[in-house]
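Take a look at the structure below.
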């Protein structure tokens, strides 16, 4: 990948990771997790693993929904 | 003597067991960090060769279907058909390989590929044990679950 | 040193720290933070081109998340 | 072959009797006769024998046979100069036999004895340190090689005294009435042996005799080297008397204290072996 | 110049140390379970750092060991804490009416194409997701039996590899599909173990 | 090429805004922009029919994720 | 191959994984076999408990379904132990050790006693955490030597890092709890002697085996 | 360089007009398709925006609408011409069903955008311009200022009514 893009998406991923770690609100954490995934998927695509990218990007929301089940209970 | 009694009291409570083990692991981890750097042996079993141009990327290990492929194994004499699976493609995966370029993982995961070769053939016993672990763990879980429900 | 590899290690470390010293210390927060090192490890695997392992890892992580969530559901139902 | 077994069992029981006698004398008691343990074994052989109703019958009987079997095997390994690793494996597995005795009967006393024997697992660890240290010197674990090494370099007792002390402690923790004998302390009646009567108890006596003989003989073989058989017997008796003195003058530790002390000894031994490993070429 | 492998190991050891430190300080049962999951991830990092095909083949057993022990432990925890009342229905949101069916179908089909462990895990995830949204009344024992038989089939396939290697093709197919069925069945049962009406 | 840089820059911008925004309901539109940008990047990185599938899968997946988060945040369906 | 457990008696080949038996491992194998046989043949004992504060005592009975399940787990544990005894591959050995760990948990998990379950859970956590040193050690040895086969490593010519051996040993200690027996001692309070003994036996055996491995390689 | 930039800006304008028109025609600002959309609208309104515009933004967040259709159609045209665009429309349709979207704004938008993008490629635009342009367009709606964007959409919605 072009260095500038690596930097850009690396930054997105790091930003997502750090904010997931630091944000205290559960919904905020989940959304930050989405940012982390958004930073990571381009790296997978760039390596040429499109099938993996498809699977990963379909499984990621499933994980989120599982997590939301727990978040929901914790909030209620 | 007092300190011994205190240690005994700590050890005797099984709630502290995890802490004890974790402490031991921390010590070993520190030892591990101190023993760095460790040299990486270049002569590995089943080495990777990457060929981005292949439609089987990253698992293209060469070879002809139903023929042999060179695979570095520990005991070649024990698996006379080592390398056959690597080169094998089912009709579906053959079709995918002919028509697309970025589906290497799917194609190789479909039966017949280097990972299948390792998991089922040369190191098949690993897989036997591993499925047994899954089996045992699941047996425990389902036994407990069903007993509760009844 | 590959950029993907470095990024993966960085995220792995961030994730491990965030799970180990989680704030606020609730089950849910820890569960969500648990995803971070998983994605970091995914990048490490990606750096070594272990695509199949990566794919399985993502699926299995999802399943183990579900196992824990299910346990938490039972817990909430009974408490 | 069978005569070796019988001799070892009888001699081991004799040593145990001597052990009791010495302890008694140190504690200013008359004590039982020296052949008391042999008499016990004989007496139990002719008493009526049964299996308790609550017991898990197969296991109850099976462990006795297993116990005799493993120690007979150990005896032949020592005599034939085979790998001491096997010997020590058998030593550790003796613990499983103890669990079997204790747990199979269903009696609470037996169970406590068995659980205590689980707790006392730390007593085996110094053994492995011993094994590792010896391996560092000889590069082999066959008893024959070890005696050959000692024939050249002199006894291990002088080369690596801390290792000998570790093994000494291991034997100490298996002797009755010692500081580490938590499995047989008096509040548990007879510990794991409580529910085994008649022939089964006689079997236990045989196991004890064999065990004592094998361990002491192994000590002599590993740390003193090749000596004539009668000399080995003399040295064994001397070691046993010294052990009896230790048992007589030390109090019995509480279960977990005993574990801690054994653990600390292990730690010291590990450090020693680490040091050896460091200085060895 | 320090090699990549050593840097990776440094990070892995450091992570292991941090994770174990947290585990040492933790006393709550469920938190400990979560930290065990973290340690599982670090374990895989150790294996992944080797970077050969063999390492990849070893990651899969490592993964399965981790998740299966997690399943067993979570069930033990539940029983030991006495959580006997089954939970109420899952998320009450609109997408749970539409998404699971389609996504599960995609995942299951893709899993079947993949076959083997990876396929089993992907398809199993799909089935879990599907069961999550339905009130299910399927036969628990039937699936369990199917998975048991497929385990046997895989053992058979293994012995074909070892004893009759000339039939390797048959063995590959058998092994691939048996593992698929087995892993998928096991995983999907997790989804049904939620205390529904007929399980 | 310029399109790729532009899209990547927008992705970073949106990610930053997601992170600094406080309210959950307002984080989501920014995340949406980021998803658009990433989906665009996927196609621009690899010119292949499959990358269209990947982009669509990523986009649909992340939209589903946003939908689930928002709906749960809203308290679910009113019955 | 250095002669620490005696010379090879026979070798079983499974592709890249060998099973080999020396006099040492054969001894261990036979013991595992004997105790598995005992577990299959014997019925659990009726454990007698004393009710404190009086002269009363009562015998616990083990339910049939529980007994069958625990017997199944015991047999699995015995088989895993036998496998671990002969395994000639480090990673395979670690897998067998994990199987021993999980079946050990299973043997006591069926007991309906809060106290025993608590102990089983703690032990289970340790057993699960112990996979890190186990697999980590195996991976470390693989990376630094390029092979996992114990006979090949024992033949010499490889610099196995001591940290790898230490990790392996620690992992087995975790799976079997060989020295820290606190949790296992609590697990032993469960009724069902033939099954419970297997917990202890298997952990001792894998510990004995890992000592051999650590010295050999 | 500069020409490509201008192309992108033009493409952004075109896609902006296209997707806003389609969305408003399909009554997206009227009501939240799912409860999540309403929640987003509420938060935007609380931040000083307009409710109708907020609802439309919420709907865009929660389901692939015409904007997503335009983006994916542009992608489709980029990789495979008209068939690619139609395939993208199909995927948007599936996405709509997954996301519990009752309407067909996304699918219609994708089909329309396919032809629009294809037509513009004939006159010298590149499909990549439309991908970047669509991202810019969505940025103006969702990413710059929620307050102003929602008010603008609200005004457009009034015109439609």
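Letters A, B, C, D, E, F, G and H name the chains as they come in the text, with residue numbers starting at 1 for each one.
The working rule: a contact is a pair of C-beta atoms (placed from the backbone, for glycine too) under 8 Å apart; a residue touches a chain by one contact, two chains touch by 3 or more.
Please read all numbers here as calculations on a predicted model, not as lab measurements.
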item: Graph separation of subunit G and subunit H (steps between touching chains); value: 2
item: Between the pairs E-G and B-C, the one where more C-beta pairs touch; value: E-G
item: Per Cα centroids, the chain farthest from subunit A; value: D
item: Centre-of-Cα separation between subunit F and subunit D, whole angstrom; value: 70
item: Mean-CA-position distance for subunit H and subunit B (Å); value: 45
item: Length of the line joining the C-alpha centres of subunit D and subunit E, rounded to whole Å; value: 46
item: Centre-to-centre distance between subunit G and subunit C (centres being mean Cα positions), rounded to whole Å; value: 29
item: Per-residue multi-chain contacts in subunit H, two or more chains; value: 34-36, 94, 98-100
item: Of all residues in subunit E, the ones touching two or more other chains; value: 5, 9, 14, 16, 20-21, 23, 32-33, 40, 42, 44, 49-51, 54-56, 58, 60-61, 64-66, 68-72, 74, 76-79, 84, 90-91, 93-95, 99, 103, 110, 114, 117-118, 122, 125, 161-162, 190, 193, 195
item: Residue numbers of subunit D (touch at least two other chains); value: 259, 263
item: Full enumeration of touching chain pairs; value: A-B, A-C, A-E, A-F, B-C, B-D, B-E, B-F, B-G, C-E, D-G, E-F, E-G, E-H, F-H
item: Subunit C - residues contacting subunit E, complex; value: 1-2, 5, 9, 12-13, 15-17, 19-21, 25, 27, 30-31, 34, 37-38, 41, 44-45, 48, 50, 52-53, 55-57, 59-60, 62-64, 66-68, 70-79
item: Residue numbers on subunit H that touch subunit E, as the complex places them; value: 34-36, 94, 97-100
item: Residues on subunit B engaged by subunit E in the complex (per definition of touch); value: 15, 18-19, 22-23, 25-26, 29-30, 32-33, 36-40, 44-48, 79-81, 84-85, 88, 92, 106, 109-112, 114-116, 118-121, 123-131, 133-138, 140-142, 144-146, 148-149
item: Sites on subunit E touched by subunit C in the complex; value: 4, 7-8, 11, 14-15, 18-19, 21-22, 30-31, 33-35, 37-38, 40-42, 44-45, 48-49, 51, 55-56, 59-60, 63-64, 66-67, 70-71, 74, 77-78, 81-88, 90, 114, 117-118, 121-122, 124-125, 128, 187, 190-191, 193-195
item: For the subunit C and subunit B complex, residues of the former touching the latter; value: 48-49, 51-52, 55
